[in-house]
Every structure is written in structure tokens, then in C-alpha cells.
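Below you'll find the structures, each written out as C-alpha cells.
Shared chain: subunit A. Partners: subunit B in the first complex, subunit C in the second.
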Partner chain A sequence: MTFNQPTIDYAGLSPLIALVATLCVVIIASIIPRVGRFSVALLTLIGFATTAGLTIWQWGASENLVSNALRIDDIGSMAILIALLAAAGTVLLSLREPAAYTAGHGAYYALLIGSVMGMVVLAQSINLISFFVGLELLSIPLYVLCGAAVRRKESLESGLKYLIVGSLGSATLLYGFALIYGATGSTNFGVIAEELTSAQLASDTLVLAGVAMAVVGIAFKLSLAPFHQWAPDVYEGAPTPITAFMAVATKAVVFVAFARLLEQGLGELSGIWSDALAVLAVISIVIGNVGAIGQRSIKRLLGYSGIAQGGYILVGLVVVSTEGAGAMIFYLAVYALANLAVFAPLVARERESGFGDDVNGIAGIGRTRPWLAWPMTIGVLSMIGLPGTAGFIGKLFLIQAAVDGDYTWLAVVVVIGTVVSLGYYLRLLSAIWMEPQPDAPNTQSPMPVIAGGAPEADASAGGREEVPPGSSRCVLVVGTGVICAAATVLLGIYPEQLIQWATEAGEAITRAVGL
Partner chain B sequence: MINLAIWLPAVGGLAACLAPRRAVGWVSFIFGLGALAIAIAMTVGYESGSGLQYLVDEKWLPDLGVGYKVGIDGISVFLVLMAAVVWPAATAWSAIKTPDRPATWYLLLAIGQSGAIGAFCAQDLLLFVLFFDLMLIPFFFLFGAWGKNPDGGLGASAATIKMMVFTLFGSLLMLVAAVATAFISSEGGSPLTFSISAITAQGVRDSSEIWLFSFFALAFLIKMPVFPFHGWMRDTYRSAPLPALALFTAVLSKVGAYGFIRVCLPLFPDATAELQDVMMILAVVSIIYGSVMAFSQDNARLVAGFSSIAQMGFVLLGIFALRADGLDGAVLQMVNHGLVVVPMMLIIAFLAERVRSDDLSKMGGLAFRAPFLAAIFLVVTMAVLALPGSANFVGEFYVLRGAFEVDITLAVIASLGVAMAGFYALRLYQLSMHNREIEADASAEISTGRGAILGALVAVIVALALYPQLILERVDDSAESQIAPAARSAGQTPATEASVGSRP
Partner chain C sequence: MDAVTFAWLVLAFPLAGSILISLSFKLLPRRAAGYIGTAAIAIAFGFAVAALIGLLSHPVEERSLNGALYDYAAVAGIDVELSILVDPLSVFMCLIVTGVSTLIHLYSLAYMTSDRGYNRFFAYLNFFVFSMLLLILAGNLVLLIVGWAFVGFASYALISFWYRRTTATAAGMKAFVINVVGDIGLVLAAFLILREIGVLDLTEIFEKAPEDLSVNSGVAVAIGLLLLVGAFAKSAQIPLHTWLADAMEGPTPVSALIHAATMVTAGVYLIARFWPIFELAPTAADIAAFTGLATLLFAGTVALVVTDLKRVIAYSTISQIGYMVVGVSIGAYTAGLFHLMTHAFFKALLFMAAGSVIAAMAAVQDLDKMGGFRKALRFTGPMLVIGALALAAFPGTSGFFSKDEILVFAEARGGMYMIFAIGGYIGALMTAVYSFRIVYRVLSGPPCKEAAELEQGHLAHGEPVNPKTGETEDTDVGFPGSEHWIAERARPMRVAMSILAFLALFAGLVQVPGVTHVIDSFLEPVFAESKLAEDYHPTVAAEWRGLAIGAVISILGILLARYLWVTNPALPARLAKRFRRIHDFCANAWYFDKLIDVLVVRPVQAFGDKIADSFVENKVIGTFAAIATGTVRGAGAAVRISQSGYLRAYAMVLLLGLIGLGIYFLIAGGGA
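On to the complex of A and B.
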């Protein structure tokens, strides 16, 4: 009896290995008493930087890993890089975040790293099982992180809501996977694709039901309308840096995984799912844009606008082409930068204005805080897609892909959605530049007790004095916004390199994954 | 050189941010003068009848087929020059009394200039769309943050959001149409390109020409604005800060009209011919509507606003006569209106500042106390009402002559507009300058600095009145080549005998 030792491609797995190592180091470091929060955050950042470096090192690779469970290729790497960018931004924004104090810095950053690990697995998975494992690994730490600000009732509500709806989505997805497996007899995307072709299962009820449920499950995760109801509430309640992370990283990775599942696994059925996705895109664009109008909470507004942006990004999938995939990944990268450029000033204002994330909090900052006002302005302009910012190139790329794929009507829907979105995006800009700064309410409001907890529990939890006051003028927060805004403008003028990477990534998705 | 003409103002705006607070405007102004010098040099160096000049054709986004292609022909050269003349004038006007948040104000103004000049120079369809939107962004902030909240009607920020929604609705649809145009024209297997000359060569002969034309036309009509697409105009004009509004009216509305010439005529000749009647009727309705409304407004800003609707009606009429003489007149009229409306708006700004109201009934009685201002305003008024001898007269004459050859009825109705211009222009002058005296401070005369700015602009107006051939001669070749395909499609001869030498 011989035992064949499986070959393990350590180079291909190196990003994942680096993250696991970082996770261990951060947890251990955080229990050493003399290691402060800055060191923990620094270790996390170093881990992310290493992972990013290793991912870039593996750029251009195109092979299957771990007996066809994962696949390293350009589109996965691109998604991982976007997720790492968002995660690094989140670390910088979280340094003085109350949630990080109440949860403990070690646990907070470890959860974040765990979520990023899930993203790496998900972005590379070409197997239904690893897909699901990756998705859960990314979601579960997020449920906890959303509820990490235990002193705010909204945060706890947000965590719970996300947990329940997220579990529902996961369950639906898993059911769909089970049906697909039942029909094709395999969990591997490559085998599924082959079975669908050779066994002519394209009109098989079992497969179609499975695909429908899987699409619904993923639509829950992506907060595509009409499966979006959780998003505004969760976005509003979660600690703001975590909201930024969810809005950017989750979207990028799940979209890429979605593209992989659909094009590499279920490409045979593209005629069926692309129409369904077109409907989802239209509904998302309409509901997201209409819902965002009239919101006073900026996080809630961004939650709704994220639904609409998801609808735009979905157009890249609807057209089923390399251009579409490239446009999708380009838009995701650009969207990530714009989002961070908006969230960083929001975090800063939330801590200093006393208005929370209300629009009043950013009113008049064009006059008083230009270093916050400009990044936010540029971020919003990029989200609209106005020239001079990377968002314009992103919209152009998407519209080209749509027109090229004979979906010109969908491009028109995108454009009309954008016009509607002016109604709320411009209101943010007008608050920043055209309104006077309102008198601050009492900023020294006492910290509430742990929601639902006894006063004794609150006292024993400590931490009341731990959050340093006046932490708003933090260079790191402002710097994150400024850097992301600068990158947004730069990519609006010289997008060539990013377009090329996105095109390479788009080509990767159409390659058959092999068995 | 052309890159310098486009980007020097924006660079100046950024440089001015570093200047001390009181000097910001003047630094920006000096860069504006630099851009003007370049524009003059380009005009002098322009050789009539040899196509695009100062061409820069660089790859920008080869994967998406977009090139950085800029150049000027006989039509754009004068529009660039006009923009380069009026921009420093408005900049200097606002620099005399340092505005609130000066660095941002001048930076935004400068970006607007770069965007507008870029739009006139763009020879790549997508680059044109990009500049078209780029020039709009700074005006959103300028209007909203420095505007005032008028009594009744929308406040400044609401009005400017309304303006953005209207105009971006048009220009985003235009973006889709531009992409679709490029794809349709490359269907024969040629590589995807947005270069206007390449698309013209490949042709867009397709059933979709009509809707592509409509999307572009919608963007341009909203921008100009032309009746019935002027819904944003009233609120914006009531609240916007006047020096910025003057530039908006003078230059940005011309980019809309210019878009028809640059994009619609050569790319969609069949659709142009087919919709010629519709556009001419819109033009005539705008002329009449704008004139009547301008005559009945009490708000001086709205008089200027509605009169510009009427003027843009003339421009549209000239373009869609699809004859070289009509187009010559339209281009001349675009330049004229730009040069005239800026001093008019600035004078309104001065008057409104004096009586703290835009209401015409509160102004008046200035002619004796401020003779210099009154004289300058009189020249401007005469130009607005197109008195024979003014360049506006020549422009309107050419426009109407072109229109007469195509449709006599419409041309006759349009010529009523010439007479009505006399009504509203004289009424504006009378109510603001003559009339009874009002209680106001003793020194009513305009300050030397502001007088110099107005004087310079009026000198340009007078010079153009004396020698309009300067423009007509150079425009003619380009006008013919732009109009030829559409005219052929409409079954007209593009009137090659357009006798530019004989001045009426």
C-alpha cells in the first residue's frame, strides 16, 4: 500500500499562509501586557503588506491549488488586493475607534484578519465547498465586528440583524449548492461545467432551481435588491470603520467569487442567468438610488447608494465577456478608493462633531476642515462618475462593456440611475461646501452603559477612561482619506496601468479551470 | 501650444492657491492673461483652409479606444479666443473685491476655463464628453457656495443641484450615445476609436443614427438652453454669483451650440437632415419665447437669462439652416453673444450691488451721475439689439439669410426676434440708467479698475463691429466642410458662394 503525498504549491498558497501567520502573531502579541494598541495595529498592517506583496509576486500565475479547491489567477489576486487595501484602510481608521477598545484591540484586529482570510479563500475558490467555507469565514467575524461597539444599542442590533439575515442567505446558498451537486455529481466548478455541457443539463429543473437559489443567496450577501433590506440598518449600526470595510472588501470579493461561479462553473447556462442578473441590476439601481434620497444618516445613505453601485457593477457580469469582467474589477477597485476617501473624513467628523453620522456633522467643513472636505468631495464625485476622477473611467469602462454586449438599454438604466443619484450625492457636497457649520450639540455626552447589561457589568468591563478624548485630529485618519482621494484623481488621469491589470484579470475569468 | 492654452489656467489656479489671500485673484488673472496671449498667438498663426491645426494626438486609453486628440479649426479658434478674453475679465472683476474663500473660488474658476477651452479643442468624441462634464463641475460649487438665496424660489444650493441634474441628465445620456456611436462605426471590423475624424470617415450609417443624434442633441439643447429645455435656467440665474454666471452664459452655453457643429453635423448627417425642421422650429420658438420673457421680467438677471435663450435660438437657427452662410453667422453670433453678455452681467452686478437688489424697478437714474458707465452700457445695449453697424447685426443677418433660403416662414418669424431684442435691450437700459433718481450714495460712477475691465471688453466689441470679416473669412472653410454631408443629405447645396467679403 502506497501513500501518494499530495504536492503542495506553497508559493501559490503563500498569501493565505502569511495571513494565518499574522493572525497567530496578532493574537499572541495582544495578550502580552506591554504590547500597546499601536503595535498590534502595526503588526496587522505588516501582515497585510506581506500578503499583498506575496499576491503581487504571484501575479500572472494561473493554476489550481489544494486538489482543485482553490485557484490562483489574476482576477482572484486583484480581488484580494482590493480587500487588503480596504482592510489596511480600516485598520488605520480603527486606531481610536471605541469599538476597538470595548472589544479589545487584539480581538478586533484578529477578527478583521480572519475576515480577510475568508476573502482570500473565497476569491480563489473554484469548488462549491471552499466557496461556502470562504464565505462563512469572511462573514462570521463580520457579524461579531458589527456588534463590537457593545456600548451602542444600534451596533448590537446591527450585529444581530446581520447574523440572522446573513445566515438566511448562507442557508439559501447552501441549499442551492446541494441541488447543483445533486444534478451534476460534483462540487468542482470545472467538473460542473463539463457535466452541464456533456450531459445536457441546461434545462434540468434540479440545476435551474439550484442556480436560482445560489444566486439569491449571493444576492443577499451582496445586498442586491430585492434582498437588500438588511444593508442600510447594518451599515448604520456597525462601527464606521467596519462599515467601510464591508462596503468595499466584501463587495469586491463576493462579486469576483460570484463571477467565478457563474462563468467558470455555470457558463453553459449564461443565457439564463444573465437575464436574471439584468433584472436584479435594474431593481438594485432603482431601489438603491430612490432609497438613498432623503436619508439623513450618511452611513445609511451610503448603504443605499452601495445597493445601487452593486447594480452598476452587476452590469459587468450580465454581459458575460472579458470586457465585462475587466470593467467589473476596475470599477470595484475605483469604488474601493472612493469609498475610503468618503469614509475616512466621516470617521473623523463622527468623533469630533457630536452629530454622529448625521449630515449636520459634515456641514460647513469646506470652510473649517479642508483636509477632510476635499477627500470627501473627490470621493463623492468619483462615486457619481464625473470626469477628473477614476469613477468616470470606471463608468466609461462599464458602459463600453454593456454596449459591446448588446445591453445598451442597461447602460441607459445605469445612466438614469446616476442622474437620480445626484439627488443625494450632491446634497452631501452642498452640505460640505454651501451650508454653515451648525452649533455642536453637547459632545461630552456620557458613554452609555453596555446595552442590556447591568451597571455592575459595565463597571467591571472598564474602558470608560480608555478612549482618549479629542482623538479627531488624527493624522492617520485624515491621511487615509487624502491618499485615497489623491489616488482617485491620479487614476482619473492615468488609468492605463489599472485598466491593463483589470483587463488581464478579466481574461483570467474566461479560462476554463480544468478538472 | 494647444496644451498650454488648455491647461495653463488650471495650473494658474493651483499656483494661485499658494499666493497670499489678497493676491490670489491677481495671480490667477495673470495666468489668464497668459492663456489669452497663447490664444491670440494661435489665432494669428491659424491658416485659413487647411483643416485642423495645432493638432496633438496622443494615446490616452488605448484599451478603450480613447485618445487625447486636441486641435482647432476655423470655428473653434474664435470660440477659444472668446473664452480666453472673457475669463480674465471676470476673474479680474471678482479680484477687485476679494471674495470669500478666494483660493477655492479662483481654483474653481480656473478649472472651469480649462474645461471649456478643452471642450472647444477636443477632437475625440469621448474627450469632448469628458471636457463637457469637467467644465460643469466647478460651476456647481461656484453657484452653490457663493450664490445668494433670493426672495422666493429655490435657494442657491437647491438651484445648483437642479441645474446639475438637468445638465448631467443630458450629458450622461450623451456618454452612452458616444460609446454606442464608436461601437457602431467600428462594426465593419476596424479597431474601436473615438476620434471624430475617424468615425466620420467610417460613417455611422445605421438606423440608430436618429436616437444617437437625439441623445447628443438633448445634452446640447439643455446646456444652451433652448426652449423647452430651459427649466433649470430661472432658479440658477436668480441665485448664482454674477461673475461666474457671466462666464457660464458666455462660454458654457456656447459649448452646447458648438457640440452640434462638432459632433452632430459631421457624424449624423442623415439624422441632422431629417430633424432639420424640428430643430429650426425649436430655434424660432426659443427666439420668440426668450424675447417675450426677457421683455416682461423685473429681475435684471432674468432679462439677461431669457435674452440669452433668444440669442441661442438664433445660433441654433443658423446651424440648422445647413448652409455655410447660416453657420458663419451662427459662429459669429456665438462669439458676439459671449463678448456682449459678460459686460452686461458685470454691469448688472455693479448696479445690483449699489441698490442691493436685482429688481429693475429699484435701479435707475444713473446716466447723469455715472456717464462713463452709461456710455459703456449703451454700446453693450446697441450690440445686444443688433444695431446695424454692430457685429451682432452682421451675425444675425447671416443667420437669417441662411434661414430664408431654407424656410421663408420660419425666417420671417425669427426676424421678429430682431425687433423684439430692441424692446428688451432698451427697456433694460432705460430702467437701469434713466428713469427717476433713487436714493443712493453720491459716488455712483464705476471705479477705475472695473471701468477698465468693462472698457477693454467694449473695445473688443467695437473692434469686432468694425471688422467682422476677421471671423467670417476664417470660419467659412471649416463651416463648409462641417456642413457638407448633412446639407447633401438634406438635398441642399451648402451655398459655396457665400460672399463673405461683402459686408451688408
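On to the complex of A and C.
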């Protein structure tokens, strides 16, 4: 047996290599005693920036890497960039996050970097194996991060729930992959696509069952209804910066990977899966929008609204066209900005108001904290899709793609969903601008004991620093929100460049991946 | 740099000024807002001049430049570019708007000193100038409508500027509602144009219009009439004129800028800009011309009798815009636009002088209470006279040349259009009378209390009362400040007024029949293909004859005014008593407000009242609403209940979903 050493394209792999290097540096730096949390965060940010730079450097490339396990092309790069944006935002929001203190900053950021590494792999994978490895690499650090605020019961519950339910989803996905491999004899998307055509496997039971299970598994990760139920619980319990990260980065990357699997691997079956996805989209839009009404917890509300937004984004996949893929990636980008613009003020208010993520926490901040109120307002308006914000253009393209792809009825559902969504989005705005600021409640102790731990253990909790007082007025948190809100408005007025990038990315997906 | 680049910069500075002032009001000293605002507009004026120079460097037939910044959206066959059209017409308008605005900003710098909304005022004012420029420079209908609507909003914000006054907020709402009526007309016109011609870009519309629209076809006339609805609402022509007189509730610089010099001429600009459409729809153009004539005569009679100083000038504005509308509707495009320019100068001057007088009267605006300011206002007085002379078209002043050019064109076109010449001369007589009515009532006669005090050096400071209702005012924010500023005591006001006075006197000399034709030859490329402008050329002799008639009428009118208010001051009151009914009819502006109230407001209100309490509303619509909200609420509750928090339940749902999806895939795939 001869072993052929695969040719390794180091340029193509450079984003991944940069992340691995960052991970090592951050872990090492965090155990050096005199390196503070700012330095660790700064190192992480530098690593992300380097990765982003390398990804942009590779823009326009279209080739397979590592024996056809990964593929570098524009849609993958776009997803990676969105993920990096979200990750960088998360780092800025996490600087004074209690969870980062309890977990230790080095571990916290290292986990984050690990998750981003998984995202890079996933966004580029054109192989069932690398797909699954990427997805797990992405998910496992997130399970831990969700439970990182060990002093909060809700955080622990969230982490555990995410772990168990996530494993269920992964298992389903893996079963599906196994069936597809069993039927086609390959794990490579290109070979699978060819086998499906040449061997007339389109109505093969094994393939169909496999695809159904794979769709369920991925829909699960995307929290598309009816596989969404973990999302509100996990979103609410997780530390808020991590919630933001999950809402934005995971969604962008998994959607792109989903598009790859379906269009580059299972394109032959598009007649079957597109209708199934259309139904999932409708259910997600209905359940997400309806469920968000009447929520008092903003994180929970955003969890439901994320389900509905996932339904809108799915429309881009349903229509199976370059236009649809472009619309999807455009929407993912503007959705990321809008979410960060909403989450940053939320993080700030959570720390200073004493209301947690309750709606009361943002009531009346229009008067007292305009620098928090405006980004949140703009982010919410963009999620609604108001003209002048990037969300409007995003929805416009999705609806146009739906109409052009003969899914006009789905476009109508999107519009109706948007109308219903006003019911809860406007409630946030009215709380911000029209309600008086309520008196702060008598909060329980700001730093609860480790659940189940003895008070002594708590006192000697590894000698870690306590959250310094006055931590609420963090310029970086406010700045993150302001920048993302400004970008949202800018892209709403001048969307041309992003449209072009999204179109290039959309074209990349329809190219056959080769063997 | 190119003319287009300069035009973009013209747009950019007022916008930047507005944003800067609104964001920095807590950081910068109060006075900075005024300087920033004035500087922004002055720079915009500089760039407008640069754009003019850039445009002149192009050969005459290539003076229509399109500049697209980027494509905003291209959806369903509609291509909306953020594009501007730079041609002689838009540059001409830009020059007027930025030039006059600069002076009015300068004036406001002093005039608004004591107002606590100083920053807000300049932010609004800059925003207004930006909107107006956007309207003028817009290269396609979408952008034009955006500018059009922004202008309407800016006007609303500025009329209601003193928001403690209920009369001011009511006037603002009235203006806004009527402006929205016009917006609807314009939007519908845009829809029709898109349907018939298929494009929204202005240049393309005009190129394709002759092919797609046959002359005087129903559609062409409909487009023309809908455009007119927009134009009439902005330009205060019958029957959409009622808001302009009420708009005088705003600060006087606002009246000068928006409600005399710039915004209200937007309709005139629109008709001139869309001349290819109107030449394809002569019926619509004729309707426009007759409306203009009716408006100019109507407003003239009202201006003769109302006693509120600002309202007199407001009605004179309505009347003068009537002349312009007549001009651009009968084909005298350059003449109409020339009048637009001179009117901007002298009417802004008149308002500024009026503002100074009102300040001297401690915010009293009633002509009946004024008099004898001749000695007290050594500077404002002559300015008022110069403005009135130009308005009355006294020989040699700017208004003299511009007004007569319109009327002579009507005469040259002949036939039915003679009516416009005759009506115009009758209007001119009224104009001369009422403009000097202002002068004599304010300046001559025995000094009133305020004038006498001012001669002693004391500026009157009365109790803050609403000039319209006489109620005492709330003196918090949103009320005109307690101090008053007259031109004699504020250099910026004097500078602004002097420049305008110079222009009001001499700007007409750029267009003396047979001698100079600056405006004509500059605007000529825009109207080069117009049949009307080509077919009818008044001879130089006819023009001078017209000027002679105009001169006689003007002097006659001024003498009549002198007879009525100086020689025989008791006579007007006697006449008013004698012809009580006619007087009341005119003083109440021909009861148009009542008419609209009876015809529109009350029926709508009655309908609303009735329907609000009817079976349809309570049962049918109410039930629908209840079902809709009930369904959503119920579904929301169902979703929340299903969210039990138990993992086993979630796993169950996952399993059910998987089974459902699996069955679907197997069935759908098996059937394929």
C-alpha cells in the first residue's frame, strides 16, 4: 500500500492556521501571571483580525484544499468573516463579563477561538466528515461557554441543556450522514452529487432517509421550528455575550454549510428538499414571531425572533438560485450587525440596571443613556426591515429572490411574519423611548455563590479577581453597539458594495465542487 | 473638478450642517449653531457658483449632466439610482436657493438671538435647505419625491417652531396635511409615468415622453393634472393655498426663506422642469395657467384688505406665484423663472423688513396699530420701500422687468392668452396698491406709541402675547424669546438686507429687452426643444410697449395708494364700511377656509363619527380585529406552554419532527 502525501495549500489554510496559533498563544499567555485580561482579549482580537485579513487575502479563490475536504471560495469566506465579526464583538462585550471571570479569561477566550476554528472548518467543508468535525468543534466549546457563568443556576442549566439536546441533534445528523455515505459510497460532496445523478439514486430509500435525518440535524443546530425548543432556554441562560455569538456566528456559518451540503452535494434532490425547507421556513416564521410576543426576557425574545429570522433566511435556500444564496448571505451579514447592535446595549444594561435582561432594564434609557438607546433602536429597526436600515435591503432581496424563484406565497408569509413581528419589536422601542425608567429593584447579591458549592469554596474561588465596581460604563461595549448601528445605517443607505460581495458569494455556491 | 462633483458638494454641506448642529448642541456654545449653519449654506453657495462655472465650460448643447452616486435598488424593473441632474435649470435654482438662504441665515443669526430654540432653528433651517436642494437636483422621480416630502416636513417643523402656541402647531398641521395632498398627486403622477413611459429617470422620461404619450391624450393630461396637484399644494395655488397665510405663524426668517423665496416656488420649478409633459398635455397646461390667473387676482384682493402685516405679504406671495405659474404654463419658461428669481430677492427683503418692524412693535403684527416709523426706523424704512418698489414693479426695479416679460409673452401668444395679459395688468395695479399700502401704513402718519419710544431710543418690550389670538404666552422653550432685534441694532441683519436691496433694485438689469438676455441665454438649452418657446417671440418693440404699460400701471397704483392712505386716510375705512360685504368677503380670503371646512372637513368628520359608532365598525371590523389579535395571542400562549423546559419533551418533539420529515422525504422521493 502506497501512501500519497496530499499537497497542502498553506495559503488556503492560512486562516485556520492563524486561529490555531492564536489559540496556543492565548492559552500560554493566560497562564503567565502578569498578563491581564486586557492583554488576553487584545491577543484574541489580533488573532481574529489576522484571520480576517488572511481570509480577505484569499477572496476570489475557488479551489479545494486538503484532499477535497475543504473548499475555499467566496461564500465560505463571507461566512468566516461574519463569524469573525461576531467573535470580535463578543470579545469586546465579554471584557467585564462575570462568566469570563469565573471561567478565567484565558479559558474563556480560548474556548471562543476554538469555536471559531470549528466555524472556519464548517464554512469550508465539502466533505461529510469535515462537515461533522467542524460542527462539533464549533459546538463543544459553546456547550462549555453557555455554562461558564457557574455561579448562576440558569447558566449551568443552559449549558447542560444545550449539551444534551445538541448531542441529540448531532447524533441525528451523523446517522443521516452515515446513510448517505452508505448509499453513495463517498463522503465527498462532489462525488455524492455525481453518484446521485449517474446511479439514479434520487429515489433511493437510504439516501432519502439520510437526507431527512441530515436536514433535521442541521435544522436543529439552526433552531428552525419545530426543532427550535432548546433555543429560547439556552439563549436566556447563557452569558449574554455568548448568546450574541450563538445568535449571529453559528447561524451564519451553519446556514452556509447547509447551503453547501444541499446545493453542492444534494442538488439532484432539490425538488424534494426545497419544499420541505419551505415548510420549515413557514413554521419557523410563525412559531418564532408568535412565540416572541409576550416575552419579558429580552434574551428569550431575541431567541424567538432569531427563530423567525432563521425562517426568513431559509427562504434564500428554498429557491435554489444564485440570487437566493446571495440574498441569504447578505441577510446573514446585516442580521449579524443588527444583533450586535442590540446585544451590546443589552449587555451594558444587564450589568447596571439590576433588572437582568427584563424589559424593565431598558425602559426609559432613551433619556438617560442615548448612546445605548440609539444602537438598540437602530438594530431593532433593522431586524424589522425599516427602509434606511440594512435590514430593509436584506428583506427586499430575500423577497425578490422568493418571487423570482416562483415562491411568491413564501414571500407573502415573510411579509405577514414581519407585520406580526412589529408586535414585539415595537414593544422594545416603546420601552426604550416612551416608558419612564423604573426604580432599581433590591437586587440579590450581584455575585451569587457557586451553585451547590460551599461558601468557603466560593470565597477561595481560585483567587480570581472579582468584577470591579463601575464595570457597567464600559466604553468598549457602548462602542461595539454604536459601530454596528452605524454600519447598519450605512449599509441601508449605501448597500452596493455588500450586495456585490454577497452576489459573488452567491455565485460561488452554484459552482460544482469538483472531485 | 466637474460641475457634478460641485453639485454633490452643494447638497452635502447643508446636510452636514444640519447633522452637526443637531448632534453638537450640548457640546458647542449656543451661538456656534448659527455660525455653523450660516457657513454651511454659504459654502454650498460657493459650490453652486463653482458648479455654474463648471457647467459654462461645457458647450451649450452638452449642458445636461447626470451624476449617479450609486444604485440604491434595482428591483422588479425599477432602477432607483441616487442620481442628480445638473443642467442650467437646476444650477439656476441652486444659486437662488443657496444665495438667498445664506442671507436669511445671516439675518436669523441676529434676529433669533434670544430664542431658546436657537440650535433647533438652525438645524431645521439647514435641513430645509438640504431638502430643497435635493428636490431641485434630483435626477429621478423617486429622489424628487423624497426631496419634495422632506421639504414638506421641514416646513411643518418650522411653522410649528414655537410649539407653545396652539395657533402655530395648528398652522403647521394644516400646512403638512395640504402638502401631503400634493405629495399624493406627485406620487400618483410618478406611478402613471412609470406605467406609460417605463422609466423614472428625468432625462429619459423627457426623451421618451413624445413617443409614449400622444398629444393631449387622456393619460398625458392625467399626468399633467396630477403633477399640478403637487405643484399647487407646494406653491399655494387655488384651492390648495389656504395653508400659506397660516404659515406666517412661524418665525419671520422662516416666512422669508420658505414661504416666500424658496419652497413655495417648488411648484413653479416642477412645472418648468416637466415642460415636455405639459407641452404634450396642453389642456393641463391651460388649466394651470387659468388657476394661476385666478390665484393672482384672488390673492391681490385679499392683500388689499387684511391687516396683519405678514399676511399681507403672504397673500402678495400667493399672488406673485400666480404670475410665475401663468408664465411657466403658457410657455414663457424663462420669464417665469426670471420672475421667480427677482421675487425671491424682493420678497425676502420685504419679509426681513417686516420682521424688523414687528420686532420694533414688540411682536405686534397688526397694521392698524402701526404707523409713523419713518423717523424711528432709519434703515428698515428705506429697505421696506425698496422691497415695495420692486414688488410694485416700479420702472427700473427688478420686478418691473420680470413681471412684464410674462405678460408680454402672453400677449404675443395671442388669442385666448390675451386674457392672461389683461388679468396680469389688473393684478399689477392691485400689487402696486397693496405694496404701498404696507409702506404708507407702516412709515407715514403720526408715530404710534412704539415708534415714538423708539425715536427716544427705547425698543418696545411688550408682554409676550400671541399676535393672532392675543393670549398671554407660555414663556418656556418653544416660544419667541423676550428680546427683539431690529435691523438698526444688528449688523448681520443690515448686511443681509443691504445685499438683497441691491439685488431687488438692480437684478432686473440682466434681462432688459433688446439689451441684455443673461437669463434667457443661460436657460435656453433646457427649453431648446420646446415648441412654445420657439414659436412665440415677443418683438423688442412689443416688450418695450409692455414695459411702458407696466410703468404707467405701477405709478398709477402707487399714487392711488398714496391718495388712499396718506392724502385721505379716512377714506379706506369709509369705503370698507360702505362696501361692507365685499370688504368682509376679501378680508376672510373669500371664505376658502370655510368652503373647505364645509366641503371636505365636516363631511369627513361626520363620516368618521358615524362609522366609529356603527355596526360595521363595532361588529364587522371589530370582530376581524379581535380574531386576528386573538389568534396571534392564543398561538403565542400555545408556544409558551409547549416550551415546558423539560428535555424529554423537547426530544419528543424532535422525534416527531424527524418522523414527519422522514415520511415526507420517502413519499416525495418515491413518487419522483
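Note that in this section the second predicted complex is superposed on the first by the 503 of 515 C-alpha atoms of A that agree within 3 Å, B and C clash if a C-alpha of one lies under 4 Å from a C-alpha of the other, contacts with A are read in each partner's own complex, and residues count from 1 in each chain.
Everything that follows uses one rule, which is that contacts are C-beta pairs under 8 Å (C-beta built on N, C-alpha and C of every residue); 3 or more make two chains touch, one makes a residue touch a chain.
Because the structure is a prediction, the values reported are computed rather than measured.
In this overlay on subunit A, subunit B clashes with subunit C. By the touch criterion stated above, A:500 is placed in contact with subunit B alone, subunit C being left untouched. By the touch criterion defined above, A:215 lies against subunit C but remains apart from subunit B after alignment on the C-alpha atoms of chain A. Of the two partner chains placed by the overlay, neither subunit B nor subunit C lies in contact with A:490. In the superposed model, A:174 lies in contact with neither subunit B nor subunit C. Residue contacts after overlaying the shared chain place A:423 against subunit B and subunit C alike. Once the two complexes are laid over each other on the shared chain, residue contacts for A:45 go to neither subunit B nor subunit C. In the superposed pair of complexes, A:133 makes contact with neither subunit B nor subunit C.
When the two structures are aligned on the shared chain, A:205 is found in touch with subunit C, with no touch to subunit B.
With both complexes placed on chain A, subunit A has more residues touched by C than by the other of subunit B and subunit C.
Of the two partner chains placed around the shared chain by superposition, subunit B and subunit C are both touched by A:393. When both complexes are aligned on chain A, the segment of subunit B among 152-160, 278-286, 386-394 or 404-412 whose C-alpha atoms clash with subunit C is 386-394.
Overlap of the subunit B and subunit C contact sets on subunit A: residues 393, 396, 400, 403, 423, 495-496. Subunit A makes touch with subunit C in their complex at residues 161, 164-165, 168-169, 172, 202-205, 207-209, 211-213, 215-216, 220, 226-227, 229-230, 232-233, 269, 271-273, 275-276, 286-287, 290-294, 304, 393, 396, 400, 403, 420, 423, 493-496.
Taken together, the subunit C residues at the contact with subunit A in this complex read 70-73, 75-76, 632-633, 635-637, 639-640, 642-643, 645, 647, 649-651, 653-654, 656-658, 661-662, 664-666, 668-670, 672.
Contact residues on subunit A toward subunit B in their complex (touch as defined above): 366-367, 381, 386-388, 392-393, 395-397, 399-400, 403-404, 408, 411-412, 415-416, 418-419, 422-423, 426-427, 429-430, 433-435, 495-496, 499-500, 503. If you check the complex, the residues on subunit B that touch subunit A are 60-64, 66, 101, 104, 126, 129-131, 133-134, 137, 140-141, 144-145, 156-157, 160-161, 164-165, 168-169, 172-173, 175-176, 179-180, 183.
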